């Protein structure tokens, strides 16, 4: 199948070199922190609804792609400013305006005015630290999601914010960088695969959300791969550094969990919503999506418990290593300390030590010492120490 | 009783050789992982409702068995394609179509068209990683369950997906491999044991679900056996490898829990459902089934807590072993180091050591040393070290 | 008071010999396991509602005692078969039929037919592994409870299943063995103590349930006694085997908890039930019973937390013991190893060691050694090691 | 302020000598256990509503004080028996009958008959092991609370049961010993401080409950003091016995929690209750009380988590101590064992050891030994061991 | 931007010197304790609604600033007593009365009388230990919040109580010290930035609450900085004192959590409130605020889990250090103890030791000893001990 070739390629590459990704969670963790810092300190005191982008610039240039389609055909083109949107907002077709890159805020302001979007919604789109959420108004539906994307070059999991504004015949999607992950949908629209062209903007929203949710499965697979690697390593070749890997894995799971948990509530509200923005026929699809989010949260919990178990194994293994060290010391010391005592006895300079004069005394001492060693070894064998 | 001879045989065999199954959970864990991997990576971007089977082929050939029965009689035969189903769908009898093996998707497509099943339902039947779920429509009721089956040959617990579509007078059951576990029901239908022939397809659904739930009890018994074995082993003969067994047992319980937990909600929804697909007289049976699922989840939680306790015992036992090692070292070193010092004194070469010339000096040194050893042994006895 | 002499006797005996019951939980745990095993494996595939008893035979002979009473008088007699029950079912009196022993299933079948009891209810009475439950129908009310009974001879806690069927003027009680614990109620009925004779079968049900709940208090007291014993032992005389006792106590608490938890819901449903089987005046009594079940579950949780704390103390104590061992080793080795070195110096055979010829050299060496020992002892004292 | 002088005195004394109270929780724990034991074993089989007091006699003589007041004036006097209550029950004034000591049950029986109190309520008043609860009937409102009182003489926290029966113009309060903690309220009534004289019996109930809740704050302060003491001790002067103190503190918190938790529900039900026993104007006061109970439960949870942290610090500190011991041993052994080897070499008696004859050999050996010691010390310094 | 210059300055300074703030949480913890103590002990027995300030005096002089504004203009001035408030309470403008310092209770009493505020509300304003809460009456809305403020001079987090009373056209704010954190809002009012001048007192309340919530983000950033510092330190340079830092961080998080958790419920109640005090157009802003409180609580939970992980790493690292110590001891002892034995043999004085007379015996002994050392080193290398 052509439309999924990029992720598939990626996956195949990764499966060959899984060992090198053990370091990834650290990178991920470090990378997320600066973002948050920038935000909080500079926004205190700003009036709410201020349309300022505080994230880092992830793409050079903001691109705005428009895709219009109905059952008859589909057309895609790029636009430069929000003024060009005017003509097609009232067409009967579905219009998907995909914005990649958020650092040109003028476009967003124009959109806000033209489509009467609440300033807080615009602020949330630009604030890349927004918690996943849904806002339902009479005229539009606003969703913020987190995309957890595996970066095959750096072998790390990257988090990105994606927002949607769904209107009656249009859908805006906003992403921080290029929206390559939506390519399968674009292919389906152009190639007329599946029913997507026969359905409205609500089905398009579902399809895009579904892709994002599928990427969570992919991310958790990466985590699972790592857990299996670590599992094997910890049990067979415990090393001091493993604890850091487990700690980072757990923090990574905490991080993904925070992205996924609110999603359950979001999809649930979509299902319960009875506005006319969502057609009734979309419900089975949303319920399916809901099942997937439950599945993902359950997987995260399971993986968290498994990593907790791994931590316990690690600690036990380290303690076993210590045990080994102690055993070696004990065996050596216990065998040689008595022997040293014995030879010490006959190093004494007393003139009248009767044994000294026995001709076979020296050999007798050796005999005693060998007997002591034998007894010790027998004792250690019985204790199963080596 | 004839109808339960297969599981009973199995059980008897196992009870004789329980020691060899300690390794099983590892196998189970490994075996489950690849499935999930295959799924997630290849389905991203596929249109929802795509009828593709991504699991492994567990039986050579798909077999479709049809059982028709009413109070008067029962008849079973095999069919090759969905076209043969036509004639009996509108009979007043109960028709049970049992499909074993999922890799021939054409059959499913035909069924979907003939019985107007939603494509997402068909997708869920084929996706063997579906979370246990229930879908209730006006025309049919769709249930996905996980069967946890003890494999007596390999001594491992295997998980398999079983789905049901219940219509007004028919029931479809889909399983990944042969449906031998349903043999007791088939026997009851043919031999007219119990009330099954007097009742509708809803009672048949209940009977099949009940069998699956009974197998959970069986699986948890296997887990309990293992816990008891480990319990005994860990307390009396702690070994380094036990921690891995405990860790695997816990992961196994996590895995079973995920199969069982959604079941409570499924059975609960069946009870609350007031569609005409389920007769009122079935309610006591469903409530009984519900009680069983609660019982199972409680047992899982209890076993999880017991394994947690086992882990603590293991860690404590390992630490006790270290304690033992240390005690041996301390006893030996503490007895012989002072002695070695004493004999060292009289190994010195000073010309004017008065003791040297005393005739009984050598024997006096021995006396002192024996006194030291005695004091040490007294001290250690008081400390209860040996 | 006469009517409570048996439990009081029991308690008094136990309080005198509490030390010997430390081993009890192990017995209890072992004893419960076989029951479950027997059940699950042999019932798979049996039609629901099969009236088969799978538990062990705890009394030689099934006895069925009938007690009829109203305000005017009370009468007790034994019957042999269900046929004898006929005459008194429609009397205005309260009729209490107490069945001890469950292995004669014919009686139950006859009861089922005469009183139109659902087969699943009969199955639950015989299946001694049923989860505590309540079933409310228009004609009767069915309750399954677990009795946790302290066995004074073997000093163990035994679990037994007790079921009740409450009709408008009758009450069936089914127990696995003799129902001596209900003797106080029988005494109250015959001696007209309290209001029991003035009230209906619902009050009788309450009175019996209350006795069972009171026995939970008794069981938890036994657990508390053991916790206090262990508490004292672990803190003052930690031994390797204590961890097993703690582990068994925790498993015992897990086991009791499973018997008690469902009870809250059962009593709650009795309170909320507005069928005419329960008189309104019974409500304060049921609320009191409800408070007791809450009290018990809280006590169990508290005891679980206390045993967790005990486990931590145990582990810390074992680690302290190791610390002690290490200190002894360190003190001895640290004092004597330098001394051995010193005496070693003057065991060297160099011809030109100037000290050798000093007349007071030998005494000087002793002086140095005593100084070293003094310094070491001072150092250890400062470190508070002995 | 005069009315709070007793508790203030108490507090001042305690703050001066806080170090001595470290042992208190042990006493408390021991003291609570016997009560429970006595109860459960002797009440099995007693008819419900039996008016028997099973607690210990905490005051010599039962005293019954009556306080009558309205806006115009207040009057307090002592009575001997319930018969004297008759005249003032139907006065328009508020009548507060305060019963201190519960071992004279006759009084209670008379009250029960005169005021038509349900026998189960009377039983709960006498059963000092009753779980905190509320019973609302048409005629009266019954509340059981636990008072946790700091005893300044023994420096322990004591638990006591206090019950209230609120009628339309009267309030009964029952306590196990003297009710000195209610003195501030009595002072407010006599001195007309605050609004208490202008309000009804419901406000009096609130005021008494508020005092009890304030004593929880006091108790938790004591716990906090102890936590701070322990915190400081554990971090700076870890001792083996600290673990017992932490364990006792945790059990104490568990115990207080059980007294406080039900209070939330009790106050909540008072707020929601719309009977005419409680005036509407009392609601803000009850909500305030509710906030206090939430505050207390949160404080308990916080303290529990802090003690858990303390436990971890304790364990870590003990492990650090062991580390220290090991380091001393290692340093000494590592320095002297090689030296002993070196001097051993030249203790050998081989006739042809060339070094023996070098004139400066002895000094060279000393040089080598000093170099070895230097290298060792350098190595240990680099490892930061001392 | 001018209006946020103070916090920004602060932040920049801190980021440069983050290492020195590791000690802060200890200070914070100590500082909070005395407050609580003072309160509970001195208030027992006081009538509810007593207007007494029991906190410490945090500013020299109480200042009361009044800000009046509408779309046309804004005016700020200071007043001395509540009597001056009269004239402007009934203006159509929004009047914001900001009270800094709580130790002059007369002002509060006057306010209470003039605006008919319930005495319990006034008590809560002065009691700086009040749990965050909301009270909604017909005439006003009362909110208590905790401000967690980073003090850049002492580098500690300080907690302060802020209360609001919102009326139809006025808003009272009460803080314990100077309200510099509200400067951005004052600037927005005077400079007409944003929509604040076009909106009512409800929007002003939202803006002030929003500032407080933003400071939680700031505080958690400080905590995160510290976690990252500790994370790095613990993994690379574990020291004994780290456990105290982790323990203090956890207690700090517990403390912040208690301030933030009730906030969710407060904002939620504001959203659900349909009184006319809050305009409908404020709802999106409150929902945004609600999302922020959820975000904060999630962050706290995540940080708590991370610190738990840190604790585990710390313990593991300390145990690794011990392992290292043991290895050094074992390596040294294992190499030299056998050697000492060998040289001991030839220190024996037996006359007839054949080896003694071999000319190359001395060299052979050296050979044997070198071989032993080589074998030991090979063994240790294989074990990966150095």
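Per-chain residue numbering starts at 1, and chain names A, B, C, D and E are given in the order in which the chains are listed.
Please note the rule applied: a contact is a pair of C-beta atoms (placed from the backbone, for glycine too) under 8 Å apart; a residue touches a chain by one contact, two chains touch by 3 or more.
Quantities reported herein were computed from a predicted structural model and do not represent experimental measurements.
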item: Path length in the contact graph (subunit A to subunit E, fewest steps); value: 1
item: Where subunit B and subunit D overlap in contact partners, by chain label; value: C
item: Relative orientation of copies subunit A and subunit D, as a Cα rotation angle in degrees, nearest 5; value: 145
item: Computed distance of Cα centres, subunit C from subunit B, in Å; value: 28
item: Intercentroid distance (Cα basis), subunit E paired with subunit B, Å; value: 45
item: Residue numbers of subunit E (touch at least two other chains); value: 315, 319, 322, 326, 329, 333, 337, 340, 344, 347-349
item: Sites on subunit C touched by subunit D in the complex; value: 1, 3-4, 7-8, 11, 183-185, 187-188, 193-196, 206-207, 210-211, 214-215, 217-218, 221, 224, 228, 235, 284-285, 287-288, 291, 294-295, 298, 302, 305-306, 309-310, 312-313, 315-317, 319-320, 322-323, 326-327, 329-330, 333-334, 337-338, 340-341, 344-345, 347-353, 383, 385
item: Residues on subunit D engaged by subunit C in the complex (per definition of touch); value: 33, 36-37, 39-50, 118, 120, 124, 130-131, 133, 135, 240, 243-244, 247, 250-251, 254-255, 258, 311, 314-315, 318-319, 321-322, 324-326, 328-329, 332-333, 336-337, 339-340, 343-344, 346-349, 356-357, 359, 361-362, 365
